[in-house]
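For reference, the structure I am asking about is given below.
Every chain is named by a letter (A, B and C) in the order it is written, and numbering of its residues begins at 1.
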Amino acid sequence: MKAFLHNRRAMAGASILAFFALVAIFAPLLSPDNPSDINYGLMLGPSSRHLLGTTPGGQDILSQLIYGARPTLVVGLLTGAIIAVIQLVMGVFSGYAGGAIDAVLSTITNVFLVLPGLPLLIVIKGYTSSDSLTTVVVVLSVTGWAWGARVLRSQAISLRDRPFTEAARMSGERRWRIVMAHIVPNMFGVLAANFFGAALYAVLTFAFLQFMGLANINEVAWGSMLYWAQNDSAQMLGQWVFLLLPGLCILLLGTAFGLLNFAVDEVADPRLRRN
Amino acid sequence: MFSAAGTAGAPPGMAQNPAPALEVTGLTKTYSVGMLGRVKIVRALTNVDLAVARGEVLGLVGESGSGKTTFARTVAYLERPTSGQVLVDGRPLPPRPGQEVLRQHRSRVQMIFQDPYTSLDPLHKVRYTVSRPLRTFGIVAKKAEQGTLERILAQVGLVPPGDFLRRYPYQLSGGQRQRVGVARALAARPSLLLADEPTSMLDVSIRLSIMNLLLDLRESESLSLVFVTHDLAGASYMSDRIAIMYAGHLVELGPTEKVMGEPRHPYTQLLRRAAPDPATNFGRDTRFEARGDPPDLTDLPQGCPFAPRCPQARSECRAELPGWRQAGPDHNVRCVLY
Amino acid sequence: MAGLLEIRGLHIGYGWDERSITTIVRGVDLTVAEGQVVGVAGESGCGKTTLALAAAGLLEPPGRILSGKIAYQGTDLLALSPEQLRSLHLSQISMVFQASMNVLNPVARIRRQFSDAMKAHGISSEDQITARAKEMFERVRLPLRFLDAYPHQLSGGMRQRAVIALSLCLGPKLLFLDEPTTALDVVVQRSIIQMLNELRHELGFGVVFITHDLSLLVEVADRIAIMYAGSIVEEASAQQLYQGPAHPYTAALMNAFPPVGAAHRRLEGLAGQPPDLRQLPPGCPFAPRCPKLIEGTCDRVVPLDRWAQEAHRVACHLYDEKEANVV
């Protein structure tokens, strides 16, 4: 833990994440206007009333930006968590169990690995036509867990052969208990890093889906802001704020997850640390 | 097949008990390595017959590839035997035991691992590691647990026990870690301990204390012990009887003084000559001849596995694996010379 | 008479920071004569490997030599420049490290490792290199076909022989061996030790043999130095040490190797662990574990070297009445 706090990448990533989390949580307090209100002048430039101006549809950009943090964060973190759980079963447990269970679960993992993620995503999304965040989370989870599961599986296999794991078997421990008490804790670094990797994937892919107009474009989120900006040709009309800022936020949040991913890796494996 | 050593092997004063602590017949273990088209079979253990009397310390000696560690792991059922039978306290272990049968087995047969630095989970305190067997085997009720833990730690020399229970492995020395390993094994109240080179990764001055600890526990807990090692000196010190293994086969078995003092099998003689022994060798200019290479377990010759290297090999050695011959009372050798 | 190697009053420290240097080796005196085998025995952390690295001129930061003298055939190694030291390596002084077999380049054939080494010392003729490599292989009893093999194709024992061949290919006069046979089976170990002995008689090099296996050392070395917590606590001929160890630590160490053939007799091990070099207790570093502790002296005053017998020195208060070692 201490090493984590001393790690610059960790602190940078954590700070950014914390910042966005606070913005998302306190959105109603921070946001000057309701982001969906269209009672304002169209495409106004930045002014003291609207710090970042208004959209072609008359909405306050700053409010949109602030509220936009919510769906993005929710999708990112929730997908990350769900993927982590799936990977635990499909990767860690499968690797430890070995034999028939492993054969079956690995095959399933490999199938999902080979499926082309993005086209699948698009197809599923098009098919479901539901506009809820839940759908997005599910779709992202289902298409994003396979690769990390393989990594976790090989880690679990190497831990399975460690003497202390065999000693746990000799002590009469049941399989699931060995996995939860010995394998998972000793893999914590990889698991945490995987979680942040999955969150990063979710944030970027969600933004992409929205940008392509494939998901929840009527919900206020950074990705959908980009969609509307593109749709309304914002750059041609000189509204660079509308176009750039959501993208920047996505970039920052993605970076935060990326930094945390690397940092956890470093902390978990001292050999990766730079002196 | 050997019955429990008779009286010559067991230490004097030990009551004769009909059921040996461990009885192994025809134990064989093979692995497949390689992939499609180029699969090789590694014969790690071939037809091993062995018995360990109650309260006996049996030294299992061999070099790497001899099968001694595979033997211990197979008896502990960390690996499944390919064929053969394992009986503990007279009870046979079925070839594919269910969870419950396996648990029973583990409550009787425990293992001490070689490397004290990897055989303890670094993330758990000593208390966790030693208390788990108490829970899984239902040894004591929860409220008696603390007392039992303290007693066990004191038995292995980790005093004050309360202090050690709180520590993590990284706060312990190699010798202390190994003692925790012994404590963990003891907690299950086994009748048989399999010690897989328990001192080879410890500093030299610590080894004796661990070996003495095991000998003391043999007395106080009425344990039987299989002491697996490549170190002849350690085996001599610890064991009542010694079994020599080569290329997965048992080649000589007998009381320690006999096997070490008058080794019969040419391989045992080779080991004896090779081992550092200042008492015998000092000042003498002994010429050491060792022909051939260590055995390839995927390509064992027909007949005696040691024949390619044996200075006294004859044609009958290469034709067929020699049977057991008696070289002395309770001293048996797998060699045509006798 | 300048010995092959003379070390006087060597202190080696360890630390990145000027302010926090831990002394790993303190006040070591050691001599190796031409063609002699000197053993250095001790357990993990006693400083024997650090001592060897320094004596071979291979010590790198964070290790540093704090004071003392290391002379090879009269030349002060500490006064040499890095280039001069490098030219000495392999051609005059050679070292075989612990787990040497893992030191071989896994993606280069053995032949290439020979040519790399010899080219670095100015021998560029391929013919010469090949001839020398073949000669060394014959000396270490390795089949010539393994010259073109990769390290992983050789067994542990064969790799060790290859490394020894490599270390001797330029005809050094002093060879350091750091636990050369520890990872090997006892039969292979004995063959390699025998081979080294024969080579020594043929080529006439001196050896510093570092190991924790004292029983092996007694058979192999001419003189033996016992190290504990960074200093030499006893140094004598192998015979003197074997027949009458003077220092209680040496006695305990010898005891730790039960005799193979003798009848069973209970031996007692040593309690405790070696001290933390950053916080050595006052007085003799072995005092906390010593069965012959003299209270008030051993735990207060660091013992000086004394002569227990002719050519047999020991740093122990039990011998205080004997002559002090005047160097």
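Note that in this section contacts are C-beta pairs under 8 Å (C-beta built on N, C-alpha and C of every residue); 3 or more make two chains touch, one makes a residue touch a chain.
Everything quoted here is computed from the prediction, not taken from an experiment.
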item	value
Joint neighbours of chain B and chain A, given as chain labels	none
Furthest chain, CA centroid comparison against chain B	A
Which two chains share the largest set of C-beta contact pairs	B-C
Rounded Å distance between chain A and chain B, as computed from the means of their C-alpha atoms	52
Distance from the mean Cα position of chain C to that of chain A, given in whole angstrom	56
Inter-chain centre distance, chain B versus chain C - centres from mean C-alpha coordinates, in Å	33
Touching two or more other chains - residues of chain C	none
Overlap residues in chain A, where contacts from two or more other chains coincide	none
Complex contact set, residues of chain C against chain B	43-44, 155, 185-191, 194, 212-216, 218-219, 238-239, 242, 252-253, 255-264, 266-271, 273-274
Complex contacts: residues of chain A adjacent to chain B	162-164, 166-174, 181-182, 185-186
Touching residues on chain B, where the partner in the complex is chain A	76, 78, 99, 103, 106-107, 110-111, 113-115, 118-124, 132-133, 136-137, 181, 184-185, 187-188
Of all residues in chain B, those that touch chain C in their complex	63-64, 173, 175, 203-212, 230-234, 236-237, 256-257, 260-261, 270-283, 287-288, 290, 293-294
